[in-house]
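Below, subunit A partners subunit B and then partners subunit C, in two separate complexes.
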Partner chain A sequence: MCNANDTQPRLKRRPVGRSVEHLEQLMDLEHGRMSRDVFWDRDIYEQELERIFARCWLFVAHESQIPKAGDYVSTYMGEDNVLIVRQKDGSVRGFLNTCPHRGNKVCFADLGNARQFVCNYHGWAFGIDGALKGMHASSAYEESGLDKSAHGLHPVAQIDSYRGLIFATLDPQAPSLAEYLGDFRYYLDAIFDMDEGGTEFIGGCVKSVIQCNWKFASENFVGDILHAGWTHDSGAKAMVGGPVAEVHKFPEQSYHVNFNGHGWEFNQDIVGNAATLGDKEIMKYLYVLQPKVAERLGELRSKMIGAISSCTLFPNSSFLPGQNTFRTWHPRGPGAIELHTWTFVNRNAPQAVKDAWRKGTMMTFSPSGVFEMDDGENWEYSTRTNSGFVTRQQDLYLGLGHETRLTDTGLPGNVYRGQINEANQRAFYQRWFDLMEAPSWGCVPQRDVATMEVKA
Partner chain B sequence: MAEPIFLIKKSDLDAGCVRRVECGGQALAVYNLGGCFYATQDGCTHATASLSEGEIIDDDCIACPVHDGTFHIPSGQAMSFPCEHALRTFKVIEQGDEVLVDLEQEADEAADAI
Partner chain C sequence: MSAVARLPEIPVDAETQRRIEQFLYREARLLDDERWDDWLALMAEDIHYWMPTMENRRRADKLGAYALDRGALYNDNRLDLTRRVSRFKQPSAWAEDPPTRHAHVISGVEVYQGERTGEYVVHSSFVNYRSRVERDNDLLVGRREDLLRAVGDSFQIVRRKILMTQSVLMAKNLNTFL
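And then the complex of A and B:
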């Protein structure tokens, strides 16, 4: 369904702003050091909106949310509000949710089915294909010679999907989604293609605000299982009657893997994450499914389906296998995020199992969930302490797991021994730095070379 | 009463569908509602729009493709914002597989409504 807008973009951008100076002094990843400024500075944040969020492929919807023509969701790409709309030919398109006349929002619902989007202000009306179809007092515009074809909703630059996950980018120069995900698709299949029916989102979107920098959330899911044994110990005891598994004692059975800044930490215990939901039906479902996944995707990936693990797709969407929460950390200034979460399940799973998962994500990873509350508190204070002028002159440490790189596993991407590691976090910030320094996509260093096919 | 003019073959318009037909120098929207045929002016009375590009909803109403205002197809009456003025309707005569129109007479349902 790849849909690139080959027409000249109408969006006129200011010439790329001057980069924040001396960004290279904020990172010394080789020695596991980084500055706190990246979590606090407003100029850095503004540059992120331009060079990260207006440039990267961002998750915008799951195919299952918009099955029929006219179905739409309203979501964000950075702070840009966009509408993602199923077309009559089955393709998906995306538009900025703003009227090109006087700028008002044209759709106020989070999701629904529409025959058109009509602006409340002056009645400009747009088809689900974004085309301007007419307006209130249309004869007055006709007398003024308005060219309706030149004033449709602003389209996103490119939109495409992988295994049911729809992504879009606002940068016409961005590489294809296949290139952007690269070899990370190998791991994504373990969750989004473990069953032939694929996945779906169930229930609604749960939203909350956390007063933290967006990168604390992303870097936590990209590779930080370390915190679980400490932060979530009491939550785990409440949910499963015991502490979090001591994963640091078994590094030979677990990994950090990353590609293009996307990262996944995982072990091979099949159901470790799922167990925290405290539901036996989910455990039984995964145990029965695992041998079938082994046939489909091989032994290693079959053991990832509900294992102790977490993943971030660069820059700001994350998910947890087993706990089945998918989420996007929308930035709201350097010190806040708007968190949108959904429950995903295998489409072919029994209804009772789907219901158990929806209940389970509420109990663990919702605003009142036993684990999410713990995380939010930590990230808020990791952000807020940096209001101190002297405090934010102090470096942070990110050096866990040096010398753990593995080159003989046969697995794609960059592979590291042991999930208690900060290799993925360093790769995440390396990607962040590369994008922040590059004036255009063509200048972004291609550090990771894909071995999987990237042609559409 | 004027001489009925040929509009469309019944078999060319499926139930639940609407099509624009040029007839006697004007644009008509011709509808098939469950096997009964109707004709109204094609232009919306609110703003510039071709109703035949809209969608038939609630069994017998046409939703304008521009602002989603609705008209009752058999009577032409405006049903919802922003439409306020009724559509001109035309009397339709079915003859075998053919649908004819009398451009000088309103539909029976419209005459009843007045």
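And then the complex of A and C:
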């Protein structure tokens, strides 16, 4: 069971490299301490590419981005460029965006509709199912006995979706998506199943580069509402004329919840996040919707639909309810990320409300957004200070909210009292550590026990 | 992309051309000097200030690189611009303190008659260089298409479309106007 990954048929991997030693010395989560090396060390980063990004289920597209056969988006799984393509039978497949001939990139567009993908180098042509169909000067290959059926685009190992969100993994041994998300699906439904029409992505993708380690972004969204009251003071004053709500004063009405390293911090004010867009139509829409969501999903989740909250799906996709930004932090070396952001809305929302969200999301959470503008610099310098040899030997604090675990809420997952907490961040790094230590999925300890059916 | 782009290109007299160039150069200086309110005063009440993001699509894809209902770094009316300016002015705008140094370079100004009297279609190129703290330097280059309206003895900007060359913004933020 506990072996290094089996190699996929056409992906001959070198045997898994020696893993970085003494990772356990890098964190003492019990006492809320962790090393800065995890944000700086190149070997650790290379191991993350193998054991986090080539292993976990990663968000790759929303169903609504590729409605018709041949529709595709180009995205990343770690640093691996992949094409996510709608098939003629309505299913979705994913392929590495690289030609199995001499390795050139096959598709240079970010998105579009294709009948085939033709490589620019020597003209190998692939169907939308990834199969090698033909090529320029094909007789030369026939004479050499090339087996076309064995030279299609490399498929991702598994692909599946939950409530419109498509995920893929590059590891054939990965557990099912339902197991990977586990009880976290209960909370995901509050946003992606609050309305019977489900959600859609609108308005395209805004992309930018931040010179920070990817985990600073992920850990921020997994549980750090604390920073909002300070970092985003200027953005809140700009949008609503006053400071961010003082959530630290109301721990009884808010939670940290996590499962398998995914985490969500939230309170129950229904519209706290949405209010920062400063748009009345959006507020009205949410208030009218809330009682219907209560009927559909119960009282608690109906109060999450636009509340002060944030969420990260381990390892590197995050979203904000209410502001309706969904984003993936693609790693680009230990010191950089490429940020891709989208706007999501309920498919059944009126067009005017969708338009207001598309605008509001970009006004607040895009590189020019009045909130996001102040995040990047924090993460860049939390990363860059560690170039100092002595600096990076000073550990960091991650100890908020010890002894806040709640066991009597009846809610799924690990539940903690109070939104101002670092419980989710600790759970995120525990999951990170478990994956980094394990030579294969079979060796990853199952700390969280699911209560929900794993067949979604 | 916009209606103004399809108008016949009827040139204006040299004096109008000169006055509009001066107007744009002054606008750039106001931004370099962080004179946000003075800059805002150059925007008409009905301003549409738009900077779409660029998608890489095949030439055959009729949807093109950008559109009004897709991604944008700015898609602003007067209220939106006012909100952005009010963030810049907050003492807690941490990413502006110490101040960023801006250089807005405007060139290649072409002026044509607008659809209505007193309106002008103005094309220009921009280079924007931002330097922050020790070594944060960001460069953006692109082209603008403005609709200007004569107001008193000056002008106001009624529409601005900003097209940048980057599809992935190679910076942590965009803390200026272009």
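One rule holds in what follows: the second predicted complex is superposed on the first by the 446 of 456 C-alpha atoms of A that agree within 3 Å, B and C clash if a C-alpha of one lies under 4 Å from a C-alpha of the other, contacts with A are read in each partner's own complex, and residues count from 1 in each chain.
The rule is simple: a contact is a pair of C-beta atoms (placed from the backbone, for glycine too) under 8 Å apart; a residue touches a chain by one contact, two chains touch by 3 or more.
Keep in mind that what you see is a predicted model, and the values were worked out from it rather than measured.
S.K.: After aligning the two structures on subunit A, examine subunit B and subunit C and state clash or fit.
M.R.: Fit.
S.K.: Is A:116 touching the first partner subunit B, the second partner subunit C, both, or neither of them?
M.R.: Only subunit B is touched by A:116; subunit C is not.
S.K.: For A:430, is the partner it touches subunit B (first), subunit C (second), both, or none of the two (neither)?
M.R.: The answer is neither, since A:430 touches no partner chain.
S.K.: Kindly classify A:127 by the partners it touches after superposition: subunit B alone (first), subunit C alone (second), both, or neither?
M.R.: first
S.K.: At the Cα centre of subunit A, what angle separates the centres of subunit B and subunit C, to the nearest 10 degrees?
M.R.: 80
S.K.: Where does A:138 make contact in the superposed view: on subunit B (first), on subunit C (second), on both, or on neither?
M.R.: In the superposition, A:138 touches subunit B alone.
S.K.: Among the partners subunit B and subunit C, which is in contact with a greater number of residues of subunit A?
M.R.: Subunit A has more residues touched by C than by the other partner.
S.K.: Applying the document's definition of touch, where does A:376 land relative to subunit B and subunit C: first, second, both, or neither?
M.R.: After superposing on A, A:376 lies in contact with subunit C but is clear of subunit B.
S.K.: Report, in whole Å, the shortest distance between any C-alpha atom of subunit B and any C-alpha atom of subunit C after the two complexes are superposed.
M.R.: Minimum C-alpha separation, subunit B to subunit C, in the superposed model is 12 Å.
S.K.: Please report the subunit A residues shared by its interface with subunit B and its interface with subunit C.
M.R.: In the superposed arrangement, which is not itself an observed complex, subunit A uses no residue for both subunit B and subunit C.
S.K.: Spell out the residues on subunit A that touch subunit C in their complex, using ranges where they run on.
M.R.: Interface residues on subunit A, with respect to subunit C: 108-113, 202-212, 230-231, 233-235, 237-239, 278, 338, 355, 358-359, 362-363, 366-368, 370, 372-374, 376-378, 380.
S.K.: Under the stated contact criterion, what part of subunit C meets subunit A in this complex?
M.R.: 51, 53, 55-58, 61, 69-76, 80, 83-84, 86-87, 90, 92-95, 167-175
S.K.: Would you pull the subunit A residues touching subunit B in the complex into a rising list?
M.R.: Residue positions touching the partner: 115-116, 118, 123, 125, 127, 133-139, 142.
S.K.: Once bound in the complex, which stretches of subunit B touch subunit A?
M.R.: Touching subunit A from subunit B are residues 46-49, 54-55, 63, 65-68, 82.
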